[in-house]
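So, here come the structures, one by one.
Both complexes shown next keep subunit A, but they swap its partner, so subunit B is in the first and subunit C is in the second.
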Partner chain A sequence: MIFTRLDRSQKEAQNLKRLLVRTDERPLEIAVMAFQAVCMLLLSLKDGQIDAFSVLLGACLPLGTYLGLKLITHFWPVDRAMYLITMFLCALSVILLRAVFSSTLKAKTQAMYLVPGFGSLLIGIGVPRLLNGREAIIKLAMPAFVALMLLPFGFTTASAARSWVNLGAIQFQPSELLKPATVLVLASGFSFGKKFGRWIVYALYGFALCMILLFQRDLGAMLLYFLLICAMFTAGTGKWRLTLIALAAAAGLGALFISISGKVEGFGYIATRIDIWKNPWSGKHEESRQIVQGLMSVSSGGLFGAGLGLSYARKVAVVGSDYIFAAVCEEFGMVFAICVLLLCMTLMLLGMRQAMNARSRFHALLAFGCAFELISQTLLIVGGNLNILPLTGVTLPFVSEGGSSLVGSMLMMGMILGVSSINAQDEYDDLMRLTSGKGVKE
Partner chain B sequence: MKQTRRLIRLFALALSFMTVFTVITYITMVKTNASRWLNNAQNTRLREARKTTRQGTVYDCEMIALSLSEKPGERSYIANDSIRLAMSHTIGDQYGMSETGVENRHATALLGLSDITGADKTLQRLMGSEPAGYDVVLTVSAQLSAYVSSLFPQGSRGACVIVNYKTGAILGKVSLPAYDPADIGAAVQDTAYYDRVLQYRYAPGSTFKIVTLSSALENLGGIAEKQFDCESLWSFAGSTIRCAGGKAHGRISLKEAFSESCNITFAKLAYETGASNLRRTAENYAFNDNFLFEDVVLYSSHCLNSAASVSEVIQTGFGQGTCEATPLHMAMIAGAVANDGVMMEPKLIKEIRRPGGGATQTMKSAQYKRVTDSENAKTIAQYMYLAVRNGTGKSAQITGYTAGKVCGKTGSAEFSNDKEAGTHAWYVGFLYGDEQHPYAIAVIVEKGGSGGAVAAPIASKALKKAVEMNLY
Partner chain C sequence: MEVQTYEKLAVIMRYPLALAGVFIALRALYMAFKDGVRASRLRSGEAKYGAVAMFSVLPAERRGKAQRIPILRNGCVGSSGASDVRIKGMGLAGRQFDYEIRSGLMHISLIRSAGVSLVGKRANEEITSTIVLAPGEKLMVGRAVIGFEMLKTPRGANSPAGNKVYRLKGKQQ
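What follows is the complex of A and B.
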């Protein structure tokens, strides 16, 4: 088979890449689609009579995955494996919500969120191309991002946590939506190397976001933002000593803050959280019920799970978002849960590979930041569910219920896919140059 | 750009390690804790499963059925009142009143939910048969326990546990007052739902002298040959030590001090050994351990935290002060002395059986830890033999028993600063050198008075019965 330089079509770049690295994602594609269809069809029998919604999803999820893949690869030569793993996790979310709860409402809502989710994936893919070298636009957007982060102070509902914005019809969490925006800003800011005057503005911007989150009492999100800034700063500027100093200072201040948190208005819950983390079974705190039920749920799945729709994971408070990993453990069992974790790791490694293959530092940092953010969030919440770390209210990317989280995660995944398509294109161009446009013989 | 790539690779590596670490922690955590986490009164899964599953039968070591179910959702208990009440804490109940009984601590086995039964569960589902739980065979003898229960003075509170110190198997176990698992609505005495063998911490009193003696033998060379002076009263570091009944033992050897249970000598020994040495020995004897045994929930015993004062240390020398131990732990300590210094892990489950027969899990003995070297253990056993032959434990002797030596230590533990409140009567001991009957025992009678007069005779009769029954 010979490639000739008819035109520099994206499709050829993609085919060439598959040929060169000898990968074929077809089996993965089939496996993901089969998983989606089989799980939803099994769940349609859950209530004894056939449930039309589940059957519909059993058809729509695999079809959507397939058409989405065709659509995206028609325009951009993206990394298919990453797209497929993402779709697997998104479908897992709908499957779990249908399996855990007796009503189909949550699963329905989550399935609806997949539409804007897919839209943000497409937008994300476009971002690395559109904004490459356009530092001015990103700089202009920065105040808008800060303003968005400040929104919850004006529009909170009385009962909800302080990090949510309530606009009546729509409720969303700016910190989730701003994760991709922050990665974008920092990737642009830190891509100019070591010059102090260049990076200090962006470091301060990141610091400001962290402070806002502190006042919104969203410490989980604050920790994620802080780690993201440190990681991107290190990778971008290479000043790892400065990062270590910042980390040490933050750890010291954090310890100090925790020790006096009992006296600070509104932060009294931190001491309780840590006490619960140290010994969740003491029964001293009412709030420890969630983690106790969570641990029971995690361990009651055994190796192969209670069976789809047969678990009692619904007994865990907020199982849909905070404790979705416990639901994975109980419904599907330990073996499957470990596979999910390893898939998340694979997704991270694939993203990091795109970051390392990128030609410009902006693209490298963009892919790196997104991959870092997604995996650190995964580890934070899974560690919290397993009581390895104190529990924070962050979501498991793609799997937890909720629209803000899904849209934010999809935007980030989209940006990695966008970088991957640019990389494929660049490699294709290189090869054409090497062979002086005469094509490659197999 | 090159440096950026290198740093990204470093981050990728570190994050992969963290994911793998999470996975490994997840596996080990579930493996070590799943049964403890699931067999919990807060676990609603058990309540649901009891409605749909026919639970397995609980048998004692002689295959007497103690509790059984004919169909899902019901449970009946052995009709014999004395056995049912004596075994109540061991059996447990359906409502989580007891935390530690088999029906609670091993509910997942009885319901067939535990991991070992996964393959069978699938098979059951495929065959379409009614889900049935697994039968549990205990190491405990119901007959022995009922007999021991009858030895306690009428209406008294206390506990007794007999273990095989070579295998760790619990052979007899009684906690009083009892409650009736077949009649949970009925009024019970307060604290009746607690298993005193496992969940009550008492001041060990003079029985702790075993540990003080061990510490002195380990840390003070030639101490066995030294003489001590006891003048019925010793004031030191702000506390006044008396021997029981205000008795003055005069000039005595260590051996005599142990068998006569001289508090002053042991207070001095504790002081000479020093807080850190005494604490180390106590911790070798599993004080301050967080017990995570497979079969039984055993509350941890406490002794000498790091900020202990001198007065506290000398009080600890004869088992008062802040020192606390559970009866099962004291029996394990006696057993470790008899077993050449090796403490065995306590075992309660002899076998878990499939409904159709065939064991899925049988008891495996396991060493818990070495508490002292074999030579010291022999010396301590010798001292404990003398305490029963000539000393305070005379009434623990077993008439007509010649196969081995009866060794033991009595205790009369003060539990309140009020001298009028009386003392808890303790006895811990074992049969030494009898291969067929390696029994260790701990007896406590709350507010019973003197250990030698109240607890030791119970131990004597209980061990005699166990020997007659030829339990192993």
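What follows is the complex of A and C.
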């Protein structure tokens, strides 16, 4: 007789169930809401008279955060810390745009974008449940994604990159919206068993998107897509040697391309950017002004910043999207900027954890791809702002100005939250089932 | 409000806002850490809460981390909600097999025997309606490799196959 009858006592069952309860999110929720309210109410006094828009946002942002949390957690047991961090970063975007610019137009536009952004978060939460195992639907959508990526060729812009679609009142960047779609496609393709042919097809699909971005001269997005494909291929197939070979080949080709880029029409700006990155203070190029002003903006904030609305970050070109991190440093200071980076890293860490805990390969790859994309984007843009890396045109997720970037990032975050809700549900179901009956008897 | 008054207020508010940022970042990190500790305690503490054995479930390609499911009582394994141990998305039937632990061995009664085979040393063994697994032995069901480990292994819990090698591959009903 090895085992005696084990009756699950009430106390043991309660102890086990108590381990299902997650850390209380209310202190974080209150802190985020208070921060949003205080910043907007302070900014409402910036122009010498009370600004009604800022007061309205001072009420709507915290209320939206609170109601959004209640709405989402009513239906799905999502990771609440991830949601609150996301809402904090989204609100930070509106706060910064209001603080940096004297006009309220950019802040109003960004605040309006929060509505479709939240909608895409909700859609993203549903995607892992709806599309798990439905490879046929994803396959049908792949040509549409490629067509969407090709759309900018029909439109011209004044900037070096031709990656925007300009429809008059509406402008959007397909590459931003297609990031979550690409993660979805690759997760679906690499989550099946040992089918090398299928893996190569999906990897080639990803590389085709990279080539399209190359011809659109959006090298920042191309780099992000390429890194995403390599990471998901390695995570999904385990073929890390192939990935290393691809990375080495890409690095070699990239170095060669940069060396001859001056002679290739439309790519002359690459050599200029590399030159500026090596020494922005030389003054050889007019474009180095942005980097120099950005670095001065980062340093002039000191530890605690210039004060909300008192910075000169508006002097930095394209500060709303490319140099938003410099604006964070100047407005709030280095201490706060490090906290923002910590929050971004925490977000990605939580995303990776959801990928590790997922029980389905599709969900694991989906969460991994989204988290990887967000983290690589963050590192790329912060590195560019601090001149550690050459500046690219990518945005800081959730914080940078722009509707396409916000919708794409929220969709990816929604997918991670969707996977987290499935993981939580599985854990709960298993333990409830196991603790509801009697033990093993001899 | 005068602009100068706002400037003074904004300068004063730098410190509380920085403090708020620090609190939010540290609280978020604390929540992430605490939930991770909770989850690992849940996974490692099953014996303390009465678990006597563990299923380990791995996809057929055997890559990735095995999903560990504690066993507290006899029950049924399948993919539907009616099963005690639910393994989704790996090709199992709604109710695949019943299991019972006796004397340190797992006695399996197949409800659906299609797609079931033993792996490892017993790969050539004929599949019947009942299978007896010793700790460490594995079963392939659908696209999942299901292993069985005892948290307390009694003496004498040897595999019923012993050192025999079966020549015939198992028939499927």
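Keep in mind that, in the parts below, the second predicted complex is superposed on the first by the 406 of 442 C-alpha atoms of A that agree within 3 Å, B and C clash if a C-alpha of one lies under 4 Å from a C-alpha of the other, contacts with A are read in each partner's own complex, and residues count from 1 in each chain.
Criterion: a contact is a pair of C-beta atoms (placed from the backbone, for glycine too) under 8 Å apart; a residue touches a chain by one contact, two chains touch by 3 or more.
Nothing here was measured: the structure is a model prediction, and the numbers come from that model.
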| item | value |
| --- | --- |
| Touched partner set for A:336, first subunit B, second subunit C, both or neither | second |
| Contacts of A:81 with subunit B and subunit C, given as first, second, both or neither | second |
| Contacts of A:146 with subunit B and subunit C, given as first, second, both or neither | neither |
| Between subunit B and subunit C, more extensive residue contact with subunit A | C |
| Contacts of A:238 with subunit B and subunit C, given as first, second, both or neither | both |
| Which superposed partner A:300 touches (first subunit B, second subunit C, both, neither) | first |
| Touched partner set for A:28, first subunit B, second subunit C, both or neither | second |
| Which of subunit B and subunit C A:292 touches, first, second, both or neither | first |
| Subunit B versus subunit C as contact partner of A:348, first or second or both or neither | first |
| Which superposed partner A:379 touches (first subunit B, second subunit C, both, neither) | first |
| Doubly contacted residues of subunit A, that is, touched by subunit B and again by subunit C | 238, 303-304, 342, 349, 356, 361, 364 |
| Residues on subunit A engaged by subunit B in the complex (per definition of touch) | 231, 234-236, 238, 240, 289, 292-293, 295-296, 298-300, 302-304, 312, 315, 334, 337-338, 341-342, 344-345, 348-349, 352, 355-356, 361, 364-365, 368, 371-372, 375-376, 379, 382-383, 386-388 |
| Residue numbers on subunit A that touch subunit C, as the complex places them | 2-3, 6, 8, 12, 15-16, 19-20, 22-23, 25, 27-28, 31-32, 34-35, 38-39, 42, 45-50, 81, 84-85, 88, 132-133, 193-194, 238, 303-305, 307-310, 332-333, 335-336, 339-340, 342-343, 346, 349-350, 353, 356-357, 359-362, 364, 426-427, 429-431, 433-435, 437-442 |
| Residues of subunit B defined as touching subunit A within the complex | 1, 3-5, 7-9, 11-12, 15-16, 18-20, 22-23, 25-27, 29-30, 33-34, 37-38, 40, 42-45, 48, 113, 115, 118 |
| Residues of subunit C that touch subunit A when the two form their complex | 1-3, 6-7, 9-11, 13-18, 20-25, 27-32, 34-36, 38-39, 41-42, 45, 49-53, 59-61, 63-65, 67, 69-75, 81, 84-86, 88-89, 101-104, 143, 152, 154 |
